[in-house]
Every structure is written in C-alpha cells, then in structure tokens.
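Look at the two complexes coming up: chain A is in both, with chain B in one and chain C in the other.
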Partner chain A sequence: MSVAADTIPAKPRRRLPGNVRIKAFAYLLVAPAILLICGLVAYPFLFAIWVSFTDMVVGSVGNFVGFKNFEYLAGTATFYSAIWNTIVIVLVSDVLKLGIGLGLALLVHQNLPGRGIFRSFLMLPWAMPAFVAFLTWRVLYQPIGGGINLILTQTGLYPEVVDFLGSRSTAMGSVIVASVWRGFPFWFISILAALQSVPKELYEAAIVDGASTWQRFWNVTIPSLMPVIIVTTLLSSIWTANGFEHVWLLTAGGPSDATMVFPVLAYYGMQTQRIGEAAAVSVYMLPVLGILVIFATSLMMRREE
Partner chain B sequence: MATLAEVASAAPAGSASAQRRLIIARIVSYGLLAVAVILVLFPIYWMVITSLKLPREIYRVPALWPQTFTLANFDKLLADGSFLLAIRNSAIVATTVTVISVIISSFAAYSMVRFRYRFRGVFGRLILFAYLTPGSLLFIPLSIVMAQLRLGNSLQGLILVYLTFSLPLSTWLLQGYFRGVPRELEEQGMIDGLTRFGALIRITLPLSAPGLAAVAIFTFTGAWNELLFALVLTTSESVRTAPLALNYLITSDVLPWGPLMAGAVISSVPLMILYFVAQRFMVAGMAEGAVKG
Partner chain C sequence: MTDSNPAKWSRRRVLATAASGVALAAATGLPMPAIAQSRKLTYWGGLIFSDDANKLLSDTITAWGAANGVETEVVMINQNETTQKVSAAVSSNTMPDAMDTGLGLLRLLGRQNVFSDVGELYKKIGDAQGGWFTGPDTATDLTADGGVARIGIPFGVNGNLLLRRKDLLEAAGFTEAPKTWDELKMQAEAVNKAPVSGLGLALSNVGDANLQVAILQSYGGRIADDAGKTVTLDTPETREWLAWVKDAWDKKLFPAGNTTWDGAGDNQAYLSGQAAFIANTGSVGIAAKKDDMELFEASAFSPLPGGPKGIVSPIDVQLRAITKASPLQAEAMALLEHLSSPEFMNAYFNVAIYGPVLADQEKLPAFDGTNTILVGLLGLAKNGTAPAYPDVNNAAFADFGSNFIIPKLAQRVVVDGWDFDRAIAEAQAQGQAIYDKY
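Let's turn to the complex of A and B:
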C-alpha cells in the first residue's frame, strides 16, 4: 500500500494535522513490549555470546579468552554425548509425535459420534504442567512402585523388573516415550485444525476425477497439510532440542551421560560456576538453531501476510 | 478425506457391503482411539493413585488399585507449610505475569496491526525471533542480568524473566485476533466520539475476548510450569515456586513418591480447571499460533 496515510485504510479524511500524533501513539503503544524484549531477550542473547568467549566465573567479570571454552568442550566426551543425544531425541520424538498426531487427527476428523470427548481426553497431557507430567513418568518407570514394571510383570509380558531410567540401554528410550506422551497433543491439534480447513471442493473434484481413497490421501490431504506439518516440525524441533524439564526430571542426564543434552549440560556448567563454559555450551547450538529459527520465522511471517 | 468412514461412504449407498465396511471402520476407529485414550490416561491415573497410597503399598505391594486410600501423603507434603508457600508463590508469579503480559502485548499487537510506521516490520520480526529464542540460551545471561539489577532470588525477578517467553507469544497471537476485528467498527466508534485508545479499549479488546482468554491462559500456564529459570534464579526457600519445590523433593536421597505425587496432583488442579473451563479458547489459540500463523 503506497497511500500516504498512517492508518492502513486510505481514508482521505482530515488526518494530516494528527499525523504525527498518530505515529507517536503507535510507537507509544508498541514501546513497552519492544523495550522489554530488547532488554530481556536481545541483550541477554548477545551477552551470552560475549560470555562464551570469556573465562567468567561467578563473581568475576572475566577476560576474553577466544575460543578456549569451545576447544575445551570439544575435548570432552560428555559434549559428544550431548550432540548425539540431542539429535536422537529431536529426530525420534518428532517422527513419533508426527505419526501419532497425524493418525489420531485423521481418526478424530471422521464424523464419529463422541469425537469431542476423545479430543478432550487426547489433549490432557498437554493441559498438565510439564513438570508434573515428567515427575509422574519418573514414578511410572521405577523398579519399585512404578506402574510400568507392575503391568509388564503381572501380565507376563516381560518377567523381569527393568530399571528403565537407571540403565544405559533403556534410559534414552524412556525419556523419548515420556516426551512423546507430553508432546503429541500439540501436533494432534495443529493437524486436526488444518484438516478441518481443507476445502471440501478439493475432495469432491478428486472424486469426480475418479481418484481412489489412497490417491485422495496422498494428493489432497497430505499436500494440504504440508505447510502445517513443516511449521510444526520446525517449532517442535526447536523446543525439543532446548527442552530441559524432560531430561532433568527423569534422568538428570544420566546414567553416565546416556541422556545428556545441551540444556542440561549448560545447567551443570552453571552449577559449577564456570559461566563462560556454560555459555559456550548454549552458543554451540546456535548455528543449527539459528537456521531453524530463521526458517521458521520466514515461513510464519509469510503466511501471516 | 481418506478417513475410514469415507472409504465406506464412497461405496454405493445402501449396499450391504458398504454397510458392513462402515461398521468395521467404526469399530477399528473406536478401538484405536480407545487404546490411545487408555495410554493417555494411565500415567494420570498412576499419579492420582500413588498420591492416595500408603507408603508400604507404594513400595512393597504395588497394585493397580490400593487396598486402603489415605490422605497421609497430602498431610506429609503440606505439614510444614513450605509447599503451600510454593503454590502461593507460583500463583502470585503466574497471575502477575499474565496481567502485565496481556496489557503490554495487546497494546503492541494493536499498534502493529492498525498503524503503519517505519519499524513495524522490524518489530514484527524481532517479536517472532524472541518467541523462538529458547530459554536454554537465555538462562545464563539472564541470571547475571538479574543479579546486576538486584532482582535475583526474588519473585519480581521471576516475573520479569517470564515476560521473555510470554510477551512475544502473546503479541504474535493477538495480532492474528486483532486483524479479525473489522476496522469499520472502530471508525464508527471514533465518529461517535471515542478516542483511538478508547476504540482499542471499548471495541477491539472486547471483540477479541476469545484471543485474550487464550493468551491469558497460555501465559498463566507457561509461568506456572516454568522450571529452568526458577532453578537458576532463586536460591532461598521463601521464593520457591511449585515446580521447584517438587524438584527439590526428588534431589533428596530418599525418594518420597507418595508426597511427590500428592504435590503433582495439587499442582495440576489449577491448570486442569482452566483446561476444562476454557478448552475451546485454548485449542483455537493453539491452532492459531502454529497453523494459521
């Protein structure tokens, strides 16, 4: 719009005297949010990058040390565990959440009587506080007092008691199951909303053209869902890669780094007061994360227009 | 739509085989949904049932149904008052963040939707970046900044920090809702003597009530749930929030599952009530955020 008006509608009413006032009003309204975001997000973000290049510890300002923190981290085994585990958690849990969310959304999208009740129940894990969900799973996984071992042994599905969170072979899988349980409703509801907004005419046209059910699914449903699936994948990957609660409350990164991820590693760095190194852990994630965020931002901005 | 029911309905209506396929499709669908619902409910059931069990039943004779129900775990958790204090702190923080965030973000969203000015695009991008900047990047620098502002280890500090995630999301979501309010209504109001600010307060905000509700609930929930910032920013017990109080229960040597699950139940209650009262708004808002953007 190239009309010389400050409000979006191009109304040729006597606006000019108030022009500056309207602009000032607009800036005044947006200022608190922008100032807070600059102070509490943008500045700390840049500050974190600076800190990662210093030897800051609690109570000292720290000196510039170049890439020393990054080199130090790259020499530790824990760091490589964190890289690998973060990739595994993001990939496996997002694929599972997509599969479960899509499947359940398709089921609920049918005109089944009672689908509203199913939808309400399926959303429950998301309505629970995350810390409650993961503490509950921690109890569920216990060898003594845990519901999963109880069911496995009593039904005879698996005779031995498993220390799900305490052994290296099962810890990661257990963390993933719990975070899928808590995270799938977001996918479910996003996909369901997208399904409901697919124009009926597309299906009717496909039927007229003689498309089979599978052809309609692959050529109408999936392409219509693609934009939502891409945005959801990006958002979910960013959140999962930076999730702290699920690992911290279930395993705290153990046993022996089997579930160590970046945010938990950074938190441990913070606890040992070596702030420079802790910040370097976070900053290591930036390149990959930055790409995801820029990609997500431009997709979301574009669809907003 | 390639759903099972439509496979059936695509066949000639009234034919016996179509009928049969429809019934089978229904049974399969209900079966799958029932399994999903059971998997969703079981952990919640376990949380509640563990909170109501005696210690000996939790540790020695685990069973799906307790022999005796007891409120002993709740008594034990609440005995010294520290958990109630944590719940109170959580309520204060979450409510304050919600009020501040809704006000500031609705002003910002309104400004960006209704006016054109030079930095509008930059602001929009900044807000979206801030929304997607993860807390795990910010907790280290924010803890230093809060210490410098002498707001470390205080509820005020937590409130300020929680605005980092609530403001961007709220502003982003509210922009979508405000766009749906017809500009003509505001202009009508202004002809009738309202100022622009009056039009925002009297016309746009009431018409965006579902959006405001969604945003308020998301903000409250986010603040109520937050663990990492609270863990880093607070040290003394007097400013612990509910997630922190429970976190410290499991870092002790003896793991008190009963009281822990009692705390989990109590912490869930406010959010569950919110969910059942306002599900409509939450689901719409959630879909809005990711789907329509």
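Let's turn to the complex of A and C:
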C-alpha cells in the first residue's frame, strides 16, 4: 500500500492566478467593513425609503401605498411651512455663522496675548451638549424671569416683556440666534485652521506689490479660505437642515407653524404612530440633502488629492 | 514530508478557520426573541411622576414572582417613549410578556392582534370588586374595533381636573370653583395681575392643549359627524368656542409663551406661581405637596367646567395587557389578577395619580376624602365622559388629536391673527384629510 501510495503522483492543486488571488484577498479583508456599512447605513437607509411607501403604523409591517404618504403631506399647509422655514434657518444661520466664525478667526489669528485661552473659550458652545445649550436658551428667552427680558426691562432698553418664543415675529429669529450660538465654533475653528495654512509668502508678495489691508484680505485671504468655507457651508447646511433639538427644545415648531422644520415634522409623524408618513417627511428631504452630501464629499476628496 | 505535516498552517487554512470562527460567533450571537431565551416573565411598567408608585409596582411584581416561583424582570418605561419602544419590540419580536399601556396604544396594537384576550379575567375581577365603573368599562370595550372585546385590564383612570389658586381667588371674592368656562374666564380675569396669569392653559402643539377639544365640544362643537367620517368644524359652535379663546387671549389671561409650551409648561407655570388656573391630571398637586406645601394648601381641585352644552371631561384609562406571543400566559394572568387586588391598589392609589376603576375601590382608605387629588380623580372616574365623547372614538379622531388640529386652529387666530372663517377652513381641510385616510 505504501509503495502504491508513494508511486501515485500528487494531484496538482489548481490555483487562481496571482493577481486574482490578491484581489480576492483584498475583498475578503474589506468585507467586514462593507458588511458593517451595509448593516448600519445602507439597510436602515433603504428600509426608511421603503417604509415611506407603506402605511406602516406601530405594530404592523404596513402595505405598499405608492405615493399616498407623499401626496398627503404635500396637501398640508404645515409641509410648506416646513420647507420655507428649513430654507430660512439654513441660509440665515450659515450667513451668520460665516460672519461670526470668520471675524473671530481673523481676530484670534492675530498675535494677541492670551489667545490660546480665548480660542478654547470660543469652543465652549460647541462642546456643551445640545440639550443643555438649548434648554438654557429657552430659560433665557422666558417672558417672566428670563435673562434677556430681565436685561431689557431692567436697563430700560425695552420696557415691555417680549415673548420671544411665543410670538410669530420673534420665534424664528430666536431659534436662529440660539442655533448660531451653538454652531459658530465649528466655522471658527475650521476657518482658523485654514488661515494658519495660508503661506506667508503670499502676503509678503502682496505687500511688496503695494496691496492695502483690504486688498490682501480680499485677494489673498478669502481665495485661500474659499475651499474650507465651501465645505464648511455644505456640512453646516446639512447639519442645520437635519437638526432637531434646536427647534424642538425651543419651540417644538410653534407658535402655530412659525418654526416648523422637516425633522420636527417627521417627529410629529412618529408621535401619531404613523411611521410611513414620518418616513415620507424624511425622504422628501433626501434629494436636496443628497446633492449637498455628494457635493461636499467630492470637494473634500478633491482637497485630499 | 512537507504535505503531510499537520502543524503547517497555510494562508488558506488560516482564512478558512478565521471565517468559520466569525460565522460561529455571529451565529451564536444572533439576537433571539427575549421570550424564547428564557422563561423569565418580563413586565414593562409605565413610569409615572411618582417615584414611590414606580417602586411599589416594581417591588410588588418582584415579590409576587418570588412567592410564586416565577422569575420576573420589571423594566420601567418612560411613557413618552412607549410608542417607539413598542414599535421596535413588535418588529423584532421582543415584546415583554405583559405591560402597562394607555388606551390609544392598546387599541392600535389590538388591531394588530398583539395582545391576548383577557375577557375572563376582566369579568372575574369585576365580579369580585363590585363591578367596573361605567366610564372605564365603556372606554375599554373594543368590540366596535371588530376584534376581541377585552385585551386589557384597566387599573387607573386619569384625566384633567381644574387646579386653582384658592388663596388668590378667595381674596377676589370667589369661594366656589367655576362651573362654566365663561365663569372660569371671569374668575381668571379677576386675579390676572403680573406675575400671575389667570388661565394657565396650553395652546401649543402638545397633548395638554387638546383640552381645547373638550372645551369646543362643551360648546356644542364636534370634530366629525356621528359616522366618524366627515369633519364638522365649520359650525357656529366652533366660532363660539374660538370667540371664548380669542377674548381670553385679548385680555392677556394666558401666560406668555403658552403657544410654545412643552408638556411641562402648565406644570411649571403653576408651580412657579405664575398661573391661577390650570387643567392637570394631578401630577402638579403631587409635586406641590412634595416640594411646596404652602402652594399645595393654597390650591383646590375641582371638575372641569362646562359649556352651553354641558360638561365634557374625557377620561383616559391605563391598562395592563398580556402579549399574545408570551409563553407565560397563565403566569401573566395571575400577575395581572394580583395587581388588581384591593391591597395593592390601595397602596398604589395612595402614591400614584390615578382614579379608581372598580366600584369597590371607592371604599378603599385611599379615597376616604383626606387626599383632595384622589377625591377629584374619584369624581372623574364616576362622572367623566368617555374618550372623544360626543365624537366617535376612532383611529381618525386619535390621529386628529395627535396632529393638534384644534390647538393649531386656536394658534391661527391668536398668533397669526387669522379671522375665524379662514382658520376654520384650514382646520376643516386638514381634519378631513386626516379622516379620509381611514
């Protein structure tokens, strides 16, 4: 037996070509990450889209209803308020955050004493939990006992008590102020980092060419900051449009629908236990946010290259 | 020699072994339905304002389990999150064996056939304790939904009582609670002086503001017709109610900010001494009793006032239900029977904010008259109106309420300055769109 076994030549193992094996091995290595992304991102994302086309309520899987949820939403006045309010909050917040972030970054970029402490101090609003920050703002806005009203009335700046959150004329502005306060540090730190990477030689060359301070700012600083400003604008727009707590904790979308935005509208959908409708609200936001995400991602990738 | 070496680990073998390991770990780690993993009886209790009540419920279930050889686990759920948690649990087949639930969620899940029939137990408990009060009995009969009549055991009634600052009102010459909404407005106006606002009622997009539905109904207004299909807001009665709201608003009787209050807005207004009247389930009374005895003693509870067409004071009923998928049906039934015992319920009523559901519970020491909140809740249990009454309590009505159409109607008038016709037309259209879904 052993003789026979020794004499039978070993069957040659079929092996894949080297480059295929390497590719297969590479795919195998990234497979866990892909599975994770599919499980945690792709599946919930696609499931939410599917749910938006069903009449799912709590406790049932729901039936396919086509565009019924979308048609229903499009027939409500609150839906259009949410569109308008979301646009207003995003645009106004971004402009204010840009102005404040840029101004403070330029200030702190100067060689001032104690600027390290000042930088850290400016980051505090961002470091504070949103829940705490916006509840604090809610207290500040209170008509009776609220800090802002106390200052206004005690100093005689405005004798009447202002119902900042309860009045249509002031509610949106109040939400935006609180939102800007919490969000500007991200702009500040992004712009400050970009400022520090602007080559000094550019400024030196501009000075040699006789450029004024304004001309150096407009022709050197701003173009150098532009890529960061664009990316920050896109990211901030996405976060603000998706933001829930700043509106929910301050006004819950009211008074009337003066501050109603998409995430709050979706949450109300959840409260009515009609999950299909709530998902449809979110899906309505997808095209706009999707474009912003793709734009931001491509810009960031281009910058990395 | 080389091929026969068993200790040699090729790259392929390493990968195969690793893959097998991962597969095995994944397979053994897959989440299994809770009820399939053990014979533990899991109970989801609804967290309420009283820590003592929460602890009493949890301890009682644990003690019952120990005495009866049933392993128990009590999970107290924030009632604001019940819908989300139940939604996830139903989808993942991880519902508890038994749970506390409000009537709305019970009805919704009842249509999905989630809960067991507890008709026999319902009758047994009722027969043993003098029968069920009419309000909770009628409200929890789900025959009209087309399924099983009884899928929950009521254990408490709650609803709005009128809480008033009798110290301020008596000083203004009002010794009796207001009997009508107009009388309430008159009394509120008499004590409306900063920092106290007369009417601490919410007009925001929050459940408390749906009190306005009851006020509208007491003026003769209806949300929908008797078939529960067609919205009927465009009526003189709706205008009469709106005139009442507008007049109170113009007289600045509502606290500033009440159009954006959250669920605690009226509580905070009253507890901070900024409101003379609020409508509340009794939780504010408990908080005042605990933290501000002076305020508690200066307060009084009374039933909701009425309108030209009578009093509409809807009750809500809290129930205990058993999940149909639970393998511990007999144990869960025994637990629910135990939790309905007079001994436990007397102790529970003393620390919770619920009114009685059974006739004999009126004789419990808890309702001997010393606790003014419980006296009010007893009155609510006996005289309160069924949910939605005089409207049809169907899914559309619940959806209508969850969308805060009536508070929003009031907001259109007082915040946006719309005239009645325009505001009612919008509410009518929005309401009909909701009703048309069902």
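Quick notes on this one:
Simple rule for what comes next: the second predicted complex is superposed on the first by the 271 of 305 C-alpha atoms of A that agree within 3 Å, B and C clash if a C-alpha of one lies under 4 Å from a C-alpha of the other, contacts with A are read in each partner's own complex, and residues count from 1 in each chain.
To be clear about the criterion, a residue touches a chain if its C-beta (ideal position, glycine included) is under 8 Å from a C-beta of that chain, and two chains touch if they have at least 3 such contacts.
Fair warning: this is a prediction, and the values are worked out from it, not measured in the lab.
In the superposed model, A:34 lies in contact with chain B only, and not with chain C. When the shared chain is aligned, no partner comes close enough to touch A:82: not chain B, not chain C. When both complexes are overlaid on chain A, the residue A:247 reaches neither chain B nor chain C.
In the overlay built on the shared chain, the residue A:90 is in contact with neither chain B nor chain C.
By the touch criterion defined above, A:102 reaches neither chain B nor chain C. In the superposition on chain A, contact is made by A:161 with chain C only, not with chain B. Touch criterion not met for A:176: it reaches neither chain B nor chain C. Of the two partner chains placed by the overlay, chain B and chain C both lie in contact with A:270.
Overlap of the chain B and chain C interfaces on chain A: residues 32, 142, 144-145, 270, 275. Those residues of chain B lying in contact with chain A across their complex are 1-7, 10, 26, 29-30, 32-33, 36-37, 39-44, 46-47, 50, 58-59, 62-64, 104-105, 107-108, 110-112, 114-117, 123-130, 132-145, 160-161, 163-164, 167-168, 171, 175-176, 183, 187, 196-197, 221, 224-225, 227-228, 231-232, 242-243, 246-247, 250, 257, 260-261, 264, 267-268, 271-272, 274-275, 279, 282-283, 286-287, 290-293. Within the complex formed with chain A, the residues of chain C that make contact are 3, 15, 22, 83-84, 86-87, 90-91, 105, 108-109, 111-112, 114, 194-195, 204-206, 255-260, 262, 272, 274, 399, 402-403, 408, 411-412, 415-416, 426, 430, 433, 437. Against chain C, in their complex, chain A makes its touches with residues 10, 28, 32, 57-61, 72, 75-77, 142-145, 161, 163, 165-168, 171, 250-258, 268, 270-275. Taken together, the chain A residues at the contact with chain B in this complex read 1, 5-9, 11, 22-23, 25-27, 29-30, 32-34, 36-38, 40-45, 47-48, 51, 100, 103-104, 106-112, 118-125, 127-133, 135-140, 142, 144-147, 150-151, 181, 186, 189-190, 192-195, 197-198, 203, 207, 213-214, 216-217, 221, 228, 231-232, 235, 238-239, 241-242, 244-245, 248-249, 262-263, 266-267, 270, 275, 278-279, 282-283, 285-286, 289, 293, 296-297, 299-301, 303-304.
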